[in-house]
Amino acid sequence: MRQDHLISAANLSRESIEAVLDRAAAIDADPAAYRQRHAGAVLALCFFEPSTRTKMSFDTAMKRLGGTTVDMGTVESSSVKKGETLADTVRVVEGYADAIVLRHPSEGAAKMASEFVDVPLVNAGDGAGQHPSQTLLDLYTIRERAGLDDLSVGIMGDLKYGRTVHSLAHALTNFDVRQHFISPESLRLPRNVRFDLHESGAQVREHTDLDAVLPELDVLYVTRIQRERFPDENEYHAIAGEYRIDEETLDAARDDLSVMHPLPRVDEIAPEVDDTEYARYFEQAHNGVPVRMALLDELLTQAEAER
Amino acid sequence: MRQDHLISAANLSRESIEAVLDRAAAIDADPAAYRQRHAGAVLALCFFEPSTRTKMSFDTAMKRLGGTTVDMGTVESSSVKKGETLADTVRVVEGYADAIVLRHPSEGAAKMASEFVDVPLVNAGDGAGQHPSQTLLDLYTIRERAGLDDLSVGIMGDLKYGRTVHSLAHALTNFDVRQHFISPESLRLPRNVRFDLHESGAQVREHTDLDAVLPELDVLYVTRIQRERFPDENEYHAIAGEYRIDEETLDAARDDLSVMHPLPRVDEIAPEVDDTEYARYFEQAHNGVPVRMALLDELLTQAEAER
Amino acid sequence: MRQDHLISAANLSRESIEAVLDRAAAIDADPAAYRQRHAGAVLALCFFEPSTRTKMSFDTAMKRLGGTTVDMGTVESSSVKKGETLADTVRVVEGYADAIVLRHPSEGAAKMASEFVDVPLVNAGDGAGQHPSQTLLDLYTIRERAGLDDLSVGIMGDLKYGRTVHSLAHALTNFDVRQHFISPESLRLPRNVRFDLHESGAQVREHTDLDAVLPELDVLYVTRIQRERFPDENEYHAIAGEYRIDEETLDAARDDLSVMHPLPRVDEIAPEVDDTEYARYFEQAHNGVPVRMALLDELLTQAEAER
């Protein structure tokens, strides 16, 4: 990785991605070897908006490395309410911790904050911006079963608003992956994302229907279609129903298809899929721990070396 | 205990109860011996409704065993708000933790959740259902002074709605205990609980007045009478006043009577009782730590052995 | 220190202050030596009102000593809402922890609570009352650059309502310090504080203007002027503007002036000051960790010795 902060997955090279995934695999293979690795180190959790899953996952990762965490608490209870700037908050917090995880509702917040602190800062989501550890755990999950080359990956659902989807699509351009985007017309991938993907030379196709492309997919990445995107309740139900996965849908899939989902899900994947070999989404969530352990390990080790 | 989860105190045998209490006593006698026992282990705290005391007590117990905890935070900040099911939440969380403590407002939630996870799950209260660690710490507190056989135990206050009371009453049927229930008519033990107690062969008597039975009690377990149970404020005050304990009330008690209360108390026990030998309620709260240490130790040790 | 609790800075002697600061300096010089010092110890964080900075700082301090913390959570989620008294809450909590940090909105709360518990209790702010660890970290920050004798210290801003200011002013009377108070007439130091300072023999002067006194100051301690103190918005802006510090203001200052601020700041100090040698406020916040480590170390070591 060779950098002090982790702000975006967009500027990660194939080599640096693979280095993180290899380290995560090593951790997964022998977690006990890492149990005391950062004993005494403190990670600050600064979540300016709630994100239980991401927070618990980083919290767990740090503790599995032998370290501890201190939590800024909610914005409602913090100095932010008294008018403190983000720059001031992180400069105070860096005096407490060896690294900072920052979640913020505003795009660009993590980059800005990182310029004020000397300890490593990890972006855990900044609005419509980046969430690099999510992308890395997605890649890790894909790679575990299917490798990362000569793959067909379908990404389905809300492709318009999904930060997770855009970030994953960008990251996949580092690998020999055919990308299929499946969505209703109204939730298509935004023009600028399509443009960037084409510029990068990625093999991209768009579909409004899963049926045609499903048989060739190695991975089907499903995302949540949010009710609030639709002015009309009936339209929402019609569309959500069309992009719902159940056992019958998957009859046409390859036996080794990975069905993924960033979770939480609502109705996008029927519970009956949970017990099939296709279902990888809980495993995917669990992979957040070794991947974030790998990230924290790299950043903390580097920071210690520089001191 | 020989079980993977702890959902209910109702199906605990006398032997399994005594095994937990013995282990708790061993921990109490030499806590330092347990200080590193589960170093590296992570306990997830999933509280779907607030319960400070129970949460702090489990949190402390895990840390006194050398382990750490990760906290799901409040429901307001969690994926639950996005429509995630309990089954999904616990399946994600089990990827982070070696055991889960679950508090939930719905009866049956813990049992249901436990069927979805492979790590041990402890029920820390599920609505009108069970709260087994509370029952075990009550038994532990009783046993410390008076043993658990040939006892007269009075349970007083709100016997109608109190989960704590029903669970304790059931558990006491494993022992040679005469149970006296003291309450206003309107807050009597529910018919089904009385039926179950009689079925089990327990020696049960009901009273509307403490005076007659107080002199023979070894234990008086007081519970809070909640204002919101009464449509009429004056009726509430009249009844609450009648079932209030103070030093004068206790003149008629045996010298070694244990006065217990699950806390928080409001007016049920006058502060002047706190400094008497009768008062066991703070000690009772403190006993939550060794009892929960014993429970966690047993479940974690067993889970490790099975891996 | 030789006391069981830390409630107020007012009754700390010069010797006991210096002992804490010396210990903090020793910790700062070699933090690794303290990393396991209180391994296994548990600190309870009882914050009856939010105070992110103070809480994170105590949390970090305990963890840097090898200990762990358990958090009572917010008042909204706690037994307090059910009508529990503070005395009951702390008597329950002392069964979980080896020490308690208490923050409470009511003056006198910490003193009262301390009378009910046997474990050491640290006051982390009680309304208009005391916040001794803040005072100690202020003194530590002053001493680091300028020592604590033959000093001119200016304290500026809201001197009427600021607990921090009153406490620091009292503490400085232990040393050979000339105190200059700079504020608008409406936010002057209260009569009783002025009286106490004069009684103690302190060298005190009041100013409405910074210019005259700035050149002789070794320390300028700036506090926030709160909008809500002014019925009139325009008056607020006029006054806040007059007591704002920027690079130009500081042209007249000595080169080794320390500009301090308890943070969070809003507009009192221009961001351009942050990169000057004057700025000590982030360092001041960071000093909360070694100072609180020193306090906790002293109290825990003493408590262990007495057991």
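Residue numbering begins at 1 within each chain, and the chains themselves are lettered A, B and C in the order written.
Please note the rule applied: a residue touches a chain if its C-beta (ideal position, glycine included) is under 8 Å from a C-beta of that chain, and two chains touch if they have at least 3 such contacts.
Predicted, not measured: the structure shown is a model, and the values here were computed from it.
Novice: Can you tell me, using the touch rule above, whether these chains form a line, ring, star, complete graph or other shape?
Specialist: Per interface graph, the chains form a complete graph.
Novice: Rounded to a multiple of 5, how large is the rotation, in degrees, that superposes the C-alpha trace of chain A on chain C?
Specialist: So the angle, rounded to a multiple of 5, is 120 degrees.
Novice: As a quick test, compute the distance in whole Å between the mean CA positions of chain A and chain B.
Specialist: So the centroids are 40 Å from each other.
Novice: For chain A, which residues are shared contacts with two or more other chains?
Specialist: 68
Novice: Per the contact definition, I'd like the list of chain C residues that touch chain A in the complex.
Specialist: Touching chain A from chain C are residues 32, 35, 50, 52-53, 55-57, 59-60, 63-64, 66, 68, 74, 224, 263-266, 271, 282-283, 285-286, 288-289.
Novice: How about chain A: which of its residues touch chain C in the complex?
Specialist: Chain A residues touching chain C: 39-40, 42, 44, 68, 70-73, 76-79, 82-84, 87-89, 91-93, 95-97.
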